[in-house]
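Can you keep this structure in mind? I'll have questions shortly.
As written, the chain order gives the labels A, B, C, D and E, with residue 1 at the start of each chain.
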Amino acid sequence: MPLDTSSYSLALLRVDGRRWNELRRINAQIRTQAAADGSSYLEMGHTKVMCVVTGPSEPFGPARVGRTGAGAGATAGASGGEAGVVVSIVVAGFSSVDRKRRGRGDKRIQELQSTISSALAASLHTHLFPHSTISISLHVLSQDGSLLAALINAATLACVDAGIPMTDYVAACTAGSTSTYAANDESADPLLDLNHQEEQELPGLTVATLGDSDRVAVLVCESRVQVSRLEGMLAVGVDGCKQVRAILDRVVRDKGRKMVQEGTVQKGVGLEDMEVD
Amino acid sequence: MPREAEPSLNEKQFVIQALQSNLRLDGRKFDQYRPLEVSFGEQYGVVEVKLGKTRILAKASAEVTVPYVDRPLDGIFTIATELSPMASPAFEVNRPTETEVLLSRLLEKTVRRSGALDTESLCLVAGQKCWHVRVDVHILSHDGDLIDAACFATVASLRHFRKPDTSIENGVLTVYTPAEREPVPLGWLHSPFCVTWSFYGDEGEIAVLDATWLEEAVRVGSCTISLNRHGEICQIAKLGGTPVEALSLLQCTSIALVRVKEFSALLDKKLAEDAKRRDRGGLLAELSAENDR
Amino acid sequence: MAQPTMAIPGQLLGPASKYQPGPGTHIHEANLYSSLLGTVNVTQPPKAPAPVKRLNKIVPVAAPTPAELPTISVSFSAKSKREVLPEVNNIVLCRVLRITPRQAVVAILICGETVLEAEWQGLIRVQDVRATEKDRVKIYESFRPGDIVRAEVISLGDQANYYLSTAKNELGVIMATSEAGNTMIPISWKEYRDPETGISELRKVAKPY
Amino acid sequence: MTDRRRINGPVGATFPPVFVYEGEDAVKETKKTRSRPPNAIRKMYLKTGVTPSASGSAYLEIETSAKGSGSGLKLSCTVHGPRSLPRSTPFSPHIILSTHVKYAPFATRQRRGYLRDSTERDLGTHLETALRGAIIADRWPKSGVDIIISIIEGDQDRESSKAEGDESWDMMNALSGCITVASAALADAGIDCVDTVAGGVAALVRNAADDSVSNIVIDPVPSEHEKILAACCIAYLPTRDEVTNLWFKGDLGASDMELYTSLVEKGIQASKYANRVLVECLGETVG
Amino acid sequence: MSSQHVLLSPAELSYLHASLSLQPLPLRPDGRSPTQFRPLVAETGILPGTNGSARICFADGTEAIVGVKAEVERTVQPFTQDTQTTQDEGETPAEDERRKEEVGGSDWVEMTVEIPGYRDDDPTTVFLGQMLQEALLADGEFTKRLRINGRFHWKIYLDILLISPPLSYPLPLLSLTTHLALLSARLPRLKSEGDEDPLFDDDWAASTYVYPRDNNKKDGKDGNNKVVARPPVTLLVMAVGNNIIFDPAREELAVADVALAVSVGEETTTTTTQTGGDDDVDMEEGSTPGKRRLRLLSVRTIDPPSRLTPPGVPNATNTAYTAPTGTAEAKTQDGARTLETERVEGVWKAPRGGAKVMVMAALVAKVLEKGGVADEVLDGLEAVDLG
């Protein structure tokens, strides 16, 4: 086990020098691409993803996303009454340490697509756009753990940029525990925001919550862990989501303020100083 | 691609209103499963599981192959799921639907990645020969809660399965036929089971176990929790859907653990019954005693 | 100018000012070229092309009226199986595949004189079934699946279907089978009768030639 | 993209045994040189109507470059259609061309799989470009035509040309053959074309290793030359004097534009020669 | 890119064609000059996890990212006649060695192109990939750089991602991005010697560029080390009427008579005799202190989408316009599709046939001319900060 957990109990510092409840640096931008309806770029540590949102538009629009079969991503709520959310994820070959190419038919990717699609569909007001498609295309440029969380956050930001009405941000992060499933020690500490190495060695889960509430939209745990650990990890994860939401919110507001300053958009009249453009 | 007929608005509303007044259409309690029937086939590793009208057949098999280059010391273990048009017209052959992908991913995570089967014990000659254990899960009819039933069937078939006995002498690998030596069970570490909750209501405040097809069609979200009877979580998957309070998810997990312990006991009982049925006149004991010598 | 008897694609046939382009030819830089592999035919125009109808619009008149020039065409002769496409105004024979209250879906079998190789789908909409009392037409009183229908192509239609019409006397069902399975005979402009059971069924009957 | 429908041979290439020749002379002899003049193409056999079930078909054979071990180019082309498009296709006022070029598994030294690889798809795109210019697409609204070419023998010598990059030069020869044979098959199928399009290849070659003089030959056989510096494949319409597809690759200095121009000219010349065969073949079909 | 239909009406197409073929200068919809490129934003070294990476964003919003990844791979040495009989033939080992040095396998480079909404094996994607790869491998210089020793080489994976939907034919964008990514690509410094198993320096700062730079000659203007050699660039150029237009937008390509993708490389040799005329041109340009000698690496015809555009109907044959006289009816009985008409001014008709040889030659010449567009593009790329 290359990850030395013994040093953690001494200094309470993780491999990358963080404390247990520290997030990695999150750097995000919205409106990164002029051509898209909505776009975003998000870094969580070394995990870097880009997102482009097209729509709401007529299904099978000019780009004919989904028509070609393999290009089709997961769809949620495609039935006539509300907009379908189509997510397609492209994992760049150069994103991980060893170059590994994943086909679009990869089941793991399909699962991610379907998760993001249905998580966002629950927050987006899709009923406002019947018979249309919101297509979200995600590109993974670099992977260092918490991939699903980064993808959800980027997709949320891009949807905000695209001006699609939504209930609240869907913010996500990961949480883990210092104990492995074998060790039954009670002294195990929960950890926030796992990097790739920690994800490999320690049990962890991905949580996404809606806005500031404690309501969990996505909860994915893929490792073996004692039931008693769950509560601690979940609590840390939900708390982390709130921190992430605050960061995302700041990104959006900063961009909005900048656009008002530049005169790109008119300042709205609202209760608060600035609402989402 | 034919689409499954959606339930009508009236039906949907009826189901939801019934749930809101604490009623299910078939009169079950919210956390109650439909009766689970398990029957084993003549061959080892063939299991049919019935959960209400949902029927699943799982068959385990094993063959000797070359291990993967990057894992020379491990055997190969695959789970193949097939949702044939027989179960529902919405399924097509050779075109995996989202349901199928999610089902196979969940089985994969629950059974394979949690290390239920000891893949190292499948290795025969390092880097050259190993067992390839394969479970084929066929969905015969689909009336909701496929995941729980399929997972139960997979675990049952693997635990029921016996692979041919082998020996290595002077580098020569011999695989014995069942006539020569009684087949041996797989190296089994723990038995994970899936428990799927379906959520209803605007805030997902109503949670229901073992939803039927109709109930699944109107749910706003679901969460599949895989556990073993030792209280270890093997995976949790709440893949989107309407957000649910974190506390109620924790509650769901603890109820799930109870159900899993029941499943585990049920499977143990059924396996013991089947073993007894096969072991007429204590032939097995005799044979294994012979093998020991 | 003596014409070659056969032509290959791209072969010069003559100047566009002397000939009218027929099937199998194309114009390039004021010359007529063949676009097919086949034999060359020159058809002289009908001697006195007197207008049958009175002109009710002013037509821009070109110096030599196109109709006065001989038409040159290349017909694909090597084999008879060359595929043809149904075109607007063609008379086609088709079989009714399925009917809905709004339309009958047919498979076009024969176009003009040619049996088609590929299967092209056509559509007879309820308003195109007959010329009079269009609003009272009912598809199930006009066609049944399995009928053989003579129809006219009125449009290339959408991506999948040609639009057909039977709104002429000589167009409509020409062969029909009764519910008992017998071939029926037409007895009026809207009825077919089964000779064995004597029961008559409603159809949009084509006037026999 | 893996082929899971068939049982494939073992992965990893095997090389056929190559035996040592007796004596030095034998080795020398196997070095092939071009025996034709630089502006002559190899002999060509073309016949239409070889596949009765298809709407149109043609077969092309180009003689082997040298006696003995060499193999020529053998192509068979079938044209299916015009036929109705699948229901999902949007309305098209034109005929939709789809071209498939496939090497037979045994056509080249290296065994080809059953699924089309990227070079084959690439050839298909080139062919489509070349033919699209030749056909009169608006004569056949909302219909599709499939042009399927099987390369039965891929014009590769069994023993020579181990040097890298040779395979890519072979592609040009294959493409020019594909264009010619597809043109014949299209005419046979009775699909309107503005002209008969034929393919031709010209190359700038260097014959000896130390020779700095390079010259242009048409219809090059890579194994006959020490090094090919540049080559181009042209699809040419002789009556209209137009080019529908041009594919050049190699390495030419910007100051050598005359070389490029003359390379293209030679390519057109090669195409004209091929066209002569094509015209004659079509003439026989009608007569 | 045949499947990428341009939804323009015949009237719009006719207008576009007419305005683009205006003499002496075409009138482009976005007001650019015929040789002007769309403005772009470029950055390199954006992904530390790769050996080299670049991102380019065109003003119209199309965006591409290219990552270069290198892995050490064992060189396959086929059992060939050569290795057996070299000695017999009397070829000196040194000569043999020299030949080996030269050869680099074309399979040492693997290129994948991802375009949203297109399958990996879509002809468009394959065609783009092949075109970029062809240009890169054309002169054989690139693979030579990947050789480590007799037994090992670098295998380069180039992953080209188009982030935005393909608004215009993405070839120039992808090519420029690939160019920058390769320029910024670095490989660890080799520590081992000879044919032994390669060992590399862990210090990334000591790594060497795939395209080496001349450390002695500082380019004062942008502070960059001068790059000695550069990867090729592929330019898209099209002709409408007698006009030659560079970097066409999607709607411009829709009326192209002919479109070519021309790959241009730069000559690596520095000491060559040059004619006085060439020098003069370079001096006038003044932007590059060194002398750039362009090389033509590949030319491909792009199937212009104009051939698939819907035709307009001239008034003469429009039945809605002219009275359906008896003769006209008789004629249409023959078949409407055989109606052949001359080109009518202002009525769009999809072009048939190919392009004149002269036009094609002019396109290529325009790309390659001294101080021409290729020069300009390479100058522009030189100004990009290679972090």
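Just so it is clear, contacts are C-beta pairs under 8 Å (C-beta built on N, C-alpha and C of every residue); 3 or more make two chains touch, one makes a residue touch a chain.
Composition by chain, UniProt nomenclature: A, D = 3' exoribonuclease family, domain 1-domain-containing protein; B = Exosome complex component RRP45; C = Exsome 3; E = Ribosomal RNA-processing protein 42.
These figures come from a predicted structure and were not determined experimentally.
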| item | value |
| --- | --- |
| Subunit D and subunit B - chains in contact with each | none |
| Most remote chain, CA-based centroid, reference being subunit B | C |
| Averaged-CA centre spacing for the pair subunit C and subunit A, given as whole angstrom | 60 |
| Whole-Å separation of chain centres (CA-atom averages), subunit A against subunit D | 50 |
| Distance between the centres, which are taken as Cα means, of subunit E and subunit A, whole angstrom | 35 |
| Shared interface positions of subunit B, touching two or more other chains | none |
| Residue numbers of subunit A (touch at least two other chains) | 67, 103 |
| Contacts with two or more other chains, residues of subunit D listed in rising order | 1, 90, 92, 134, 136, 139-141, 194-195, 237, 240 |
| Residues on subunit C engaged by subunit D in the complex (per definition of touch) | 6, 8-12, 24, 26, 28, 33, 35-39, 76-79, 81-83, 85, 117-121, 156, 158-160 |
| Partner subunit C, residues of subunit D touching it in the complex | 49, 55, 81-85, 87, 89-92, 134, 136, 139-143, 187-190, 192-196, 237-240, 279, 282-283, 285-287 |
| Sites on subunit E touched by subunit A in the complex | 3, 5, 7, 46-50, 53, 57, 59-63, 65, 67-69, 71, 112, 114, 116-120, 122, 157, 159, 161, 163-167 |
| Residues of subunit D defined as touching subunit E within the complex | 1, 15, 18, 20-21, 24, 27, 90, 92-94, 116, 118-119, 121-122, 124-126, 128-129, 132-134, 136-141, 159, 162-165, 167-168, 194-195, 232, 235-237, 240-257, 260-261, 264-265, 268 |
| Residues of subunit A defined as touching subunit B within the complex | 74-76, 79, 107-108, 110-111, 114-123, 181, 205, 209-210, 213-231, 234-235, 238 |
